[in-house]
Amino acid sequence: MIDLPPEAWEALALSLRVSVVATVLSLPLALWVAHLLARRQFRGKGLVDAAIHLPLVLPPVVTGYALLLLFSRAGPLGAVLEPLGLSPAFRWTGAAIAAAIMAFPLMVRAIRLAIEAVDPKLEEAAATLGLSPARVWWRVTLPMALPGVLAGVTLGFAKAFGEFGATITFVASIPGETRTLPAAIYAFLQVPGGAPGLRGLVLIAVAVAVGAVLLSNWLAPRVAARVGGR
Amino acid sequence: MIDLPPEAWEALALSLRVSVVATVLSLPLALWVAHLLARRQFRGKGLVDAAIHLPLVLPPVVTGYALLLLFSRAGPLGAVLEPLGLSPAFRWTGAAIAAAIMAFPLMVRAIRLAIEAVDPKLEEAAATLGLSPARVWWRVTLPMALPGVLAGVTLGFAKAFGEFGATITFVASIPGETRTLPAAIYAFLQVPGGAPGLRGLVLIAVAVAVGAVLLSNWLAPRVAARVGGR
Amino acid sequence: APDALVVMAAASLKPALDEIAATWPDPVALAYGGSGAIARQIAAGAPADVVLLAATDWMDWLVSQGAVEGAARSVAGNRLVMAGTPGGGPVCLSAAAVLARLGTGRLAMGDPMSVPAGRYGQQALETLGIWAALSEHLLMTDNVRAALAYVARGDVPLGLVYASDARGTGVEVAAEIPAPTHAPIVYPAALVRGARPGAADLLAHIAGSQAIFAAHGFAA
Amino acid sequence: MLEVSVQRRAGDFTLDVALEASSGVTAVFGPSGAGKTTLARCVAGLARPDAGRIVLNGRVLFDGTTDLAPHRRGIGYVFQEARLFPHLDVRGNLMFGAPRGEEAGPVAEMLGIADLMDRRPAGLSGGEAARVAIGRALLRQPELLILDEPLAALDARRRAAILPWLGRVREAGVPILYISHAIEEVARLADTLVLLRDGAVVRAGPLAEVLSDPVAAALMGPSQAGAVLEGVVTAVADGLAAVETPAGVLHVPGGEVGQRLRIRIRAEDIIVATARPEGVSALNVLPAVVEAVQPGQGPGVMLRLRAGEGALLARITRRSAERLSLAPGVAVWAIVKTSGVARADVGGG
Amino acid sequence: MLEVSVQRRAGDFTLDVALEASSGVTAVFGPSGAGKTTLARCVAGLARPDAGRIVLNGRVLFDGTTDLAPHRRGIGYVFQEARLFPHLDVRGNLMFGAPRGEEAGPVAEMLGIADLMDRRPAGLSGGEAARVAIGRALLRQPELLILDEPLAALDARRRAAILPWLGRVREAGVPILYISHAIEEVARLADTLVLLRDGAVVRAGPLAEVLSDPVAAALMGPSQAGAVLEGVVTAVADGLAAVETPAGVLHVPGGEVGQRLRIRIRAEDIIVATARPEGVSALNVLPAVVEAVQPGQGPGVMLRLRAGEGALLARITRRSAERLSLAPGVAVWAIVKTSGVARADVGGG
């Protein structure tokens, strides 16, 4: 294997934990929101959609800053969570929150497009077969949208893994707690002439990215086959 | 209007120019790549897909450095372009390149999903009506994928507009040339105690983001209606 | 203005440099960033005329790359302080006192690996013999301003920051870090190779604006 | 028992229909664009009527205040296109709405799709897909089954094989709303016939009545007009059943003694003779009296004949009518070929 | 002129077919799953045969080395499902493949969709969509037109209205590959009939030959067997045309003197008499001789009759055959109802 300082492995482990947790935990919410946006009409839908996209369009630093204000000891959420010892500020859970928020718009977009592509005629057919809307969703819409969901998850995981600006602004860079791989890469980059581990770290990041995309590409046709060609 | 220092307006104008150019110029390439990934099988497809996703998963700073190395005076591209006076390094065109590269995976993903959702049976029908594959693409695939293309463009524009890490690393933050709105926000955030124009800048960024998403949401059903409901 | 001279400078110099540039008769484009990023960009051919960094190691690197003309000169200095939340009172620079003040909180400082202020800070704490005791209670930031902001907002009780930054930002100085505990904090400046005419004058003007530097806390 | 009365506008098309469907098969027949599918969708809860009332077996499915969701209506729907779930194999599609414990086997066997159980819909031919769709709706065990031209994609043999099975569904007491423009299917299955045109009911009533209604005949196309007789098999020999009908004894292929059959005799399939024909291959020769002679368009005339207690329609050329001097009151022989008689099993009602 | 010889495997289904289709209509008839659509897709270039050769009007479309793309084959295809473009209105769909200067009007008029020109496909009924699909393929002006059960979703009237128009396409010299399991359509239109089963050709040849082939009859269903006669109208009176056919003079509705007509007489529609029938409404009574008596399954037997120069098939009950002592060489009268005769215009070839 590549010869890396122990902090690098620590950072990799942390980044994987953060991005997996961020992706897995936000998936149900992403599914729900994507479904709402794809299939429901409601007042303020445009604003909800826009709000979800904000982390994508704003500089990550601003998002991180907003999170910081929200969760800081004096912030509305921090003031509630801090006394309970649940505050995510400066904890890896905070890094996961930042990563999830940055990844969310990507997940929602991909899943929403996939849901919109499911033929409502099939959902109609399922309803006449006695399935409630919830069960129709579970047995028709979701399985058929699965390749898109997979794409969304890959994209979200990749984004969560690479996220840096919002994370470092929100939870800083505590080795072992919040110093993710990208934060470590950033730090290593700041050493004149390049820190010895830099190349290895970048290679690891690239490997994870390529791995995630290759895995998703390997899975996609299999899922699509299960879901049935047209 | 919000009372803003003139640099803020300059940064806004630059950001709009950069993100529009980045989105518009990369759209044809994104369409082509999305089409290849959606409809063709070729060796190394997975690697192409992974490569496109790299900017998403790597910390933007890394992407920025990679661009810097590529286009620097001694870099492989810079060495060619510099003597011709065409080097994008430290120019707004470089900012557009960075923004385009960061936005590219998002555009490709959305467009690819939309193309995959077009029923190949309709493309078959168009072929039997005498249309060459290129014209089938132009008259059937593209129009039917249009809502997804629109989503991709919105997403890409938003990302290009908000992009910061790669840009500032690649082309620095030279006022009037490469200091985009996010770079300005970052600079303002660095002023201890907060610079007076910070709030206004963030509001503008939010307004552009919300505006882009609202516009796309307003357009989407109209495009979908033109494209025909199921 | 396209013909304006371009100065690339470490972000922490912004308040002082903005003011100095305003006293220069011609327009000046000021591009701020992290010292490392700027150094790499200069080496890559950034169209700058003058470069000011917050760290000598990066300037040494630039010199070794042949990216600057002539020798670097120091134009400003700085000191470190322990900033605390207002009303916290002074803190003694002993492990016990600092830990007591931190409680469950952390000491915010620039990441020694990537932030010059962090590097000076680590040196100082080591000299003071409290680095090891504090190392589990640190909060490392990607730039020194962020450490300051955490203190200002009350997210952490203490931060190790530049004296120049701590002025008038809603924090109070809980302790001054003795200068001998770390290498002198200097801001090296140089002419970039191929700098345009007038750049040398501008650099001289900046170096000569000690009153403004001093007013912003950059004690030479 | 289904009671429907709905109004619905979409674009410049207006549906305004009232009908009742008791147990058995109610056929909705009408030209393309008449509103058949729209009506079916309203009943199934897939389209919302602007106004009206839909009641199934005493349950209000729709009125001003109630609007039951489709999955609560207990209505099985076979769509005009198959609408199979591409992510499930044939078995998965069949069992999709089936109650626990139900088995796909017998239905698949009957529909000739037992060999395809592990196939994906993408690998099915058009007719195979249609059969899976029918099986899926049957296995869901609906209170009402709506069939929207389900047999259009099937060949004659397959269609003939499925029809009796639909007959069995009817016998099981499941009312069926059968949308079709194939009058042969309608005649074999339907108890009640509703003729739809331009969104309105033109004629509705018991099958035999509507089929022998000249106005209806004009709508269905003259070659589809005819009489429908019901009767009981009294004897079987040589593979032929003797069926006692109100119009006299008719011989049809197959059948068991005691069985009730429905026999359709198209007006086109009757030859009228003024002398008792001798030495002909047709076994069914019924004495009858001309009741009415209605000239139609073209070279044909329609005769209403009374045979015993029953009524028959016969379509012959005007030239023949003149040559034979046919007029009300004339006694004739109605010659019907055995194989020109379409039979259908009739439920025990 | 189309020459096809293709082999193709997909799953456990194998298609292995060779056929020739000259100008005119070649009908491919077979049960669901026989491989009709697969064959059509091979010809159109939408499926790749494993081996074989396809030549259209001298152009090689496919062989070992050539594999012309679908859009270069000049073949119009009406799919089993309509496959309309949802992003275009009806006019846009119709004109999609039409050469410059072509107008949608006349075709739309003929198909009864002229009022729908600005509608989107989503707003069309099943039959309307099918008609648009047919119009779209016609307007593309193909060298060969493939129709995959295009009329299945149409009602009888609409179908009857379109058939003559397809006849006109044929007369214009466009060869047609017509896939259907409605033998009535096939009989009216086809010049050549190919019977497909389990991926193989069971019988192929001129329509009349195949239809009167007992083996083919078994495949088509006995009620579809029958003879096809061609003849010329020699006189018209009372709206009835007298047509001189090889089997004798037949009277059918409509027609003009000199016109060539094709007449189909289903075996079921013939009554056989041993004595010349008097006073019957049927105008067509042809003297004939029994050539063969073939017992079928069930209570029926099939008679091959020779009438003049022509051959007829008649299906009667075994009981009648015995009662009338029918055996080869017996002279009989074949009674055919005028309206039991289906006619179709025949191109001037």
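Order as written gives the chain letters A, B, C, D and E; numbering starts at 1 within each chain.
Rule of thumb we're sticking to: a contact is a pair of C-beta atoms (placed from the backbone, for glycine too) under 8 Å apart; a residue touches a chain by one contact, two chains touch by 3 or more.
These are the chains along with the protein names UniProt gives them: A, B = Molybdenum transport system permease; D, E = Molybdate transport system ATP-binding protein.
Just so it is clear, the model here is predicted, and its values are computed rather than measured.
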item: Least hop count linking chain C to chain D through chains in contact; value: 2
item: Chain whose mean Cα position lies farthest from chain E; value: C
item: Length of the line joining the C-alpha centres of chain C and chain E, rounded to whole Å; value: 91
item: Cα-centroid distance, chain B relative to chain E, in whole angstrom; value: 57
item: Chain centre separation in whole Å, for chain C relative to chain B (CA means); value: 35
item: Sites on chain B at which at least two other chains make contact; value: 65, 121, 189, 230
item: Sequence positions of chain D contacting 2 or more other chains; value: 81
item: Per-residue multi-chain contacts in chain C, two or more chains; value: 37
item: Pairs of chains in contact (touch as defined earlier), listed by label; value: A-B, A-C, A-D, B-C, B-E, D-E
item: Chain D residues touching chain A - in the complex, by the definition given at the top; value: 44-46, 69-71, 73-77, 79, 81, 83, 85-88, 96-97, 120-122, 136-137, 140
item: Partner chain A, residues of chain C touching it in the complex; value: 34-37, 39, 57-58, 60-61, 106, 108, 111, 113-115, 138-142, 146, 150, 153-155
item: Touching residues (chain side chain E, partner chain D) in the complex; value: 10-11, 30-33, 37, 80-81, 119, 123, 125-128, 131, 149, 152-158, 160, 181-183, 220-221, 223-224, 237-240, 251, 253-254, 268-269, 271-275, 277-283, 298-300, 314-321, 324, 326, 335, 337-340
item: Residues of chain A that touch chain D when the two form their complex; value: 121-122, 124-133, 136, 139-140, 143-144, 146, 226-230
item: Chain C contact footprint on chain A (complex, rising order); value: 68-69, 72-74, 89-90, 168-169, 172-175, 179, 183, 186-193, 195
